[in-house]
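Okay, so chain A shows up in both of these, paired with chain B first and chain C after.
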Partner chain A sequence: MIEVVDVYYSYPNGFTALKGVSLTIDRGECVAIMGENGAGKTTLIKHFNGLLKPTKGVVLVDGDNTRDLSVAQLSRKVGLVFQNPDHQFFSETVEDEVAFALKNFGFQEDEIKRRVDQVLERMGLKQYRQSSPFNLSGGEKKRLAIASVIVFNPDYLILDEPTIGQDYLQKCEIINIIRSFLREGKAVVIVTHDLEFVVDLKPRVVLMSQGKIILDDYADRALTNLKILDDASLLPPQITELAYRILNSPSLEGILDEHDLMEIVKPLLKRG
Partner chain B sequence: MMRIFEGLRFRRAESPIHNLDPRSKAIFLVVLSSLSILYSDPLTLTILLIIQVPLVYMAKVIKFWLNSLRGSAFLMIFIFIVNFLTSYFYMGGFTMDGLLMSISMTIRFITLIGAFSLFFLTTTPEDLSLALEKLKIPYDICFAFTAAMRFVPDIALEAQSIMDAQKSRGLELEKGKFMDRIRNMLPILVPLFIRSFQRSMELAEAMESRAYGAIRKRTSLYELKMSRNDYVLIAFSILFMLTVVFVKSF
Partner chain C sequence: MSKVIEVKGLYYRYDGMDEDVLLNINLEIERGEFVLLTGASGCGKTTLCRCFNGLIPHFYGGDLRGEIQVAGFDVKKTPIHKMALKVGFIFQNPDSQLFSLTVERDVAFGLENLGVEREEIKRRVDWALEVVGMKEYRHSAPYELSGGQKQRVAIASVLAMNPEIIVLDEPTAYLDPKTSLKIFQLLDDLNQKLGLTVILVEHRLDLASRYASRLIVMSRGRIVLDGDPATLFHHKLEEYGVSTPRLIRFFRQLEKEGYSFDRLPLSTEEASTLLRRIIS
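Right after this comes the complex of A and B.
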């Protein structure tokens, strides 16, 4: 369990990015953190593996205070994939890049090989084994960055904007990976602006605005609450917006995708 | 480490020092740094350091200036220890001369850091570029120089992001033996260099799409002009230098 208890964080330049954030993330849970740029989303997830230590308040990972452990130690449990893949590649081959974390955590040689094979296959990067990470396309780099973290199988997977530069099929693949992590009883936290992606996953949604959590609820309630979405500078999903126009009522709970909408439209059509 | 970069970044402010022509500030900087390299007794070096303080005060950048000194504290200690140990073994034991020499070297470093920090804190990159052009340096080179200065803080930020990303993949940078930590810098440096090359390519493309180099002779919106204060600073710099040289020679 990751417990964030009344956390405040101020950057050295004086900017206060988090103002009293409390949040608990259990294993097996899927949480999407959303909100406007500068709301404090990335600052919050950097607390999960101890990259940032709270100015006030505590962050506990399975009961351990993040202050007491190094980032490398915490990362064994909390895998964080950053937004920009160019900020981490340094190996000559894709294969070595994926093996990097395993070597850091002291895995055996044959175990490293087995896991690297498996993860490259899963992320559709097998044909690039011996290529340089720098020659990959934007989408491939992003998947390589994810691969280089899921390879050590952390209990909590944190993804910062995983869908940037991915086409629809690749997004589906990322969703599949997230689902398989959840099935194994692990927690997945996603920071994203991609509403369609969130609608597909139907996670718990944490809306942030100006360093505070303004809503923490399941997607079918959170993403259909037009008032709160507006406060977090988010547009509702298109289907929800459409349902709002059709029904002309703000009670839209549970109307997120085309199936939900059909349920409502069908009776209306029958009536004529 | 980050603090040193912060200390070299221009701070927009209204002050007599900010309004000086970069050329006169450069003369002052050259005088200070050449004197501090020329002489190595603690007294002269301390004077060279103290003389900066009123200017820093006038420029209202005292906080940033002290920050850049504090940021280089690690290097100061390093310089002191290396010099002290060298003198200790070279002279076969502890001597007053050895200690004084180590102190001087450290003050020299502080003086240089301070002087450069003062210059860069109060000079806009654009002014600097204009000044270089006035010195008949080709514009391409002026531009490359100011662009480099301009990107220092960005690169520092990027270094931080890269460190975060590698630590998140289990790279231990917080604990361990000194040599291990040095070896662990490689996964930081490679992406940093590659990003810098990428960035310069991107910058070049962006500039070309905005017609960089379309006309051979560029004109500037602002022209540098020497004011009375500039002549005062130049005169002071030269007098100061002559005095120090005179006093030290006799």
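Right after this comes the complex of A and C.
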């Protein structure tokens, strides 16, 4: 479990990015953190693996205070994929980049090879194993960043904007990876602006605005609350907005995708 | 109407690769079109855009065969610095495009390099910042701006050069949905009011397609679909690795119920008008 208790965080320049955030994430949970640029989303997830320590308040990972553990210790449990993968890479080849954490964690040579092969195949990067990470396209870099974290199978997978630059099939693959982590009882936290991606996953949604959590609820309710979405600089899902336009209903709860709306519209269709 | 891009039988292969990444591209774009260009990763859309401003072949080298005319120039024979005046580029991450200490300096940079006169630079910088709604930030440092503001400044620095075409490669990838929508509305404005030809490369079509006059889908180096988005969405774009907006998926389900729509809706406004006609 990750427990964030009344956390404040101020950057050295004095900007306070988190203003009293409390949040608990259990194993097996899928949580999407959404909100406008600068809301504090990335600052918050950097607390999960100890990259940042709270200015005030505490963060506990499986009961341990992140202040008492090094980033290296925490990283084994909490795998964080950065938004901008260039910040993450330092190896000369794609293969070495993916193997790096495994070597650090002391895995056996043949196990490293097996896992690296498997994950490169899965992320569609096999043909680049000898390439430099910096020669990949934006979308490929993003998948390499994900590969180099899922390869060590952390208990908590934290993804910052995983769908940027990804096409339809690659997004489907990212959804598959998230679901397989969840099936194994692991937690997945996603920071994203990609609303339709969130509609596919239907996770618990944490909406942030100006350093605070303004809503923490399941997608069915969170993404159909037009007022609060507006406060968080988000647009409603297309289908929710359409439902709002045509239904004279005070509640849009649960109307997120085309199937949800079809169920409601079907009995209203004129036969002609 | 005059053609601003004319491509005939274009093939391209990067140095050191053994396959063509563009295969027999034939394309005519009229001045003032708003083109949405999409396709799975690796389909060749970015490569094609690099041909529009001469990065291919002049920077990337490789083997470019066929004919390509952009803004009246033969791309193969025209140096990049000349093409850059006609074709402005905007990338995913505005941080890769801004480097000066103030917004104003960033927007003026290209003009200074060209040796444009001071007065003219000032006039064009003022105008470009006004158009993108960033005039009051002219003395700000780019790093103080939000992602959406940075992208506006990047667009202003391209506009200041007075190009005929603006090419944007996923310009809203890092922006929140509301800010993204505002950028698309700005592009729509530039297109409608200035008659600027817009070529927008996007994976996500839900927010952008309502502004496009034309949708082009590429797959494995070829153009596979090309037309009005409202009718093109009748095709199964998923087969080409392109995601279909949920509104369209909903209307496809209605079609399974026996309804038919000549034009599929690109916005919830259009969708609600269509839907009201068939529900009681």
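Assume the second predicted complex is superposed on the first by the 266 of 272 C-alpha atoms of A that agree within 3 Å, B and C clash if a C-alpha of one lies under 4 Å from a C-alpha of the other, contacts with A are read in each partner's own complex, and residues count from 1 in each chain.
Operating definition for what follows: contacts are C-beta pairs under 8 Å (C-beta built on N, C-alpha and C of every residue); 3 or more make two chains touch, one makes a residue touch a chain.
All of these numbers come straight from a predicted model, not from anything done at the bench.
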Chain B versus chain C as contact partner of A:A99, first or second or both or neither: neither
Contacts of A:V71 with chain B and chain C, given as first, second, both or neither: first
Which superposed partner A:G165 touches (first chain B, second chain C, both, neither): second
Partner chain in contact with A:V191 - chain B first, chain C second, else both or neither: neither
Partner chain in contact with A:I213 - chain B first, chain C second, else both or neither: neither
Chain touching more of chain A, residue-wise (chain B, chain C): C
First (chain B), second (chain C), both or neither touched by A:N49: first
Set of chain A residues, in rising order, touched by both chain B and chain C: 84
Chain A residues touching chain C - in the complex, by the definition given at the top: 35-38, 83-84, 137-140, 161, 164-171, 193-196, 199, 233-235, 237-239, 241-242, 245-246, 257-259, 261-262, 265-266, 268-270, 272
Chain C - residues contacting chain A, complex: 39-42, 46, 92-93, 146-148, 170, 173-181, 203-204, 206-207, 238, 241-243, 245-247, 249-250, 253-254, 257, 259, 268-269, 271-272, 275-276, 278-280
Chain A to chain B touching residues, read off their complex: 46, 49, 51, 70-72, 75-76, 79-82, 84, 86-90, 100-101, 104-105, 134, 148-149, 152
Residue ranges of chain B in contact with chain A within the complex: 158, 161-162, 164-175, 186-187, 189-191, 194-195, 198
